[in-house]
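For clarity, chains are labelled A, B and C in written order, and residue numbers in each chain start from 1.
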Amino acid sequence: MSKRVLYLIQQAGVLMLMPRSHNKQLGTTFDTVASHSHHVAVITYCISRMEGLSHENAMKALTMATFHDLAEARTGDLDFVAKHYGKPDEERAVKDQFTGFDFGGDLLKLLEDYEERSSLEAKCAKDADSLEQLYQEWVLMWQGNKLAHEMKDSNPQKWWWSQFVKDDMAIDKEKLLGKR
Amino acid sequence: MSKRVLYLIQQAGVLMLMPRSHNKQLGTTFDTVASHSHHVAVITYCISRMEGLSHENAMKALTMATFHDLAEARTGDLDFVAKHYGKPDEERAVKDQFTGFDFGGDLLKLLEDYEERSSLEAKCAKDADSLEQLYQEWVLMWQGNKLAHEMKDSNPQKWWWSQFVKDDMAIDKEKLLGKR
Amino acid sequence: MSKRVLYLIQQAGVLMLMPRSHNKQLGTTFDTVASHSHHVAVITYCISRMEGLSHENAMKALTMATFHDLAEARTGDLDFVAKHYGKPDEERAVKDQFTGFDFGGDLLKLLEDYEERSSLEAKCAKDADSLEQLYQEWVLMWQGNKLAHEMKDSNPQKWWWSQFVKDDMAIDKEKLLGKR
């Protein structure tokens, strides 16, 4: 067995030790990159079927979702503020993770598809990613977190991060619903 | 959209709030049922390919792994000690989760396959589940946890849980390697 | 000293590592099985005295409360949803914990009394158990948790767990007050 398969498994394990970095804005989040990825995978399957994809194609979309944040074991998880100050070389991270063993190419192809958002599978996976973020903010809001409420529903312009929020995919409902 | 699809997504979200219950034996674990499921999914894909399954069939096994512990949102997560004092009605939990919406049947079929362990996909997913447990104990051991070391490598018979360990799938290397 | 006394002490220690599983519904709970048991013990003494029991009998009730959830170190802690999918063999767990050392019999007798709820001591301890649960939900509510508010006071029927709530002892005020 190629050692690089072990590296991949180890890096997936690392995601379990990565609290998602939006915690620094919201303070009471409980998700890790791993648990986020799992939830995105489940949501992706459901959306895919509701969009009319077959069981087989929905499983393809779910696989995409499972691996979509694996590069963060190398690049780190940048929240919507940090994204304004740097663009990690995700492409290189993905390449470093998925080359050097024979079935890596199949996963690489899935991830390229995800990045391009050309297939319906990729679109469902990306929508699920954004919806999972909304879900977290909704749950936090119900748990009593008023910052989550501000971010999601009312007026993010009040906060220091206002300048960053306008570019945030997850809260832009029109972008999310595919109107642009 | 059926409300039951929303319930399914909500219950997958619940797994993010469930620290795995082996923590009560080991004390320094960091996995949740959600992050465990994600890691199992990644490992399942890798094992499946190494066992010669196609990309398509490996994605099927990965999907199985993604959903294999979803019932725990209802039944709770029982560690190897608790399993000696009760067997939750997992079958009913699975049925309650995956009926009442049209694509539930496809997922139900996957989970039945997983329970029966007849297909190679199911066997790979179950091996990944056990290996993920070993992986956690190995990581905890390297983090300095001596209980994890005892449990995994040397002499669990010294501990109060000794009477339970002999039946534990994850530490039975012969069972794991398919010798019985 | 019998080794089994050490096991008992170790298992009481395990309760400190068990966050109560209602956290998976409420998200911001902070109680462990141990801290819950401690609180129940204090409340039990107070209720017992207010019900007219003597100091000696109130201490008997308090002792009952202190040990009432010890079996959960073996069976696990099932929340009100999980209880619908399985009934752990608590009787066996209690027997495994309290036999094999000489004073175990005295504790066993207390726990049997607790299960039967025939004595006033047992009734006070059970009421304290339910009140402690209400107390937690009240604290969470004051901490801003809207789910705790929904669960306790207004409309649990809105949630996916509605089908389980109706059987929950702790929120059934009439059951709690002994009207049925």
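Keep in mind that, in the parts below, contacts are C-beta pairs under 8 Å (C-beta built on N, C-alpha and C of every residue); 3 or more make two chains touch, one makes a residue touch a chain.
Keep in mind that this is a model prediction, so the values were computed, not measured.
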Just send me the rotation angle from a CA overlay of chain A on chain C, rounded to the nearest 5 degrees.
120
What's the chain with its C-alpha centre farthest out from chain B?
C
Among the chain pairs here, which one is joined by the most contacts?
A-B
Chain B and chain C have mean C-alpha positions lying a whole-number Å distance apart equal to 28
What whole-Å value do you get for the distance between chain A and chain C if each is reduced to the mean of its CA atoms?
40
Length of the line joining the C-alpha centres of chain A and chain B, rounded to whole Å:
23
Touching two or more other chains - residue numbers and ranges from chain C
27
Seen from chain A, its contact residues with chain C in the complex are 28, 30, 139, 141-146
Taking the complex as given, what residues does chain B use to touch chain A?
1, 5, 8-9, 12-13, 15-17, 30-32, 34-39, 41-43, 45-46, 49-50, 55-56, 58-60, 62-63, 66-67, 70, 102-103, 106-107, 135, 139
Quick check on the complex: what are the chain C residues that touch chain B?
6-7, 10-11, 14, 17-19, 21, 23-25, 27, 71, 73-79, 81-82, 84-90, 92-93, 160
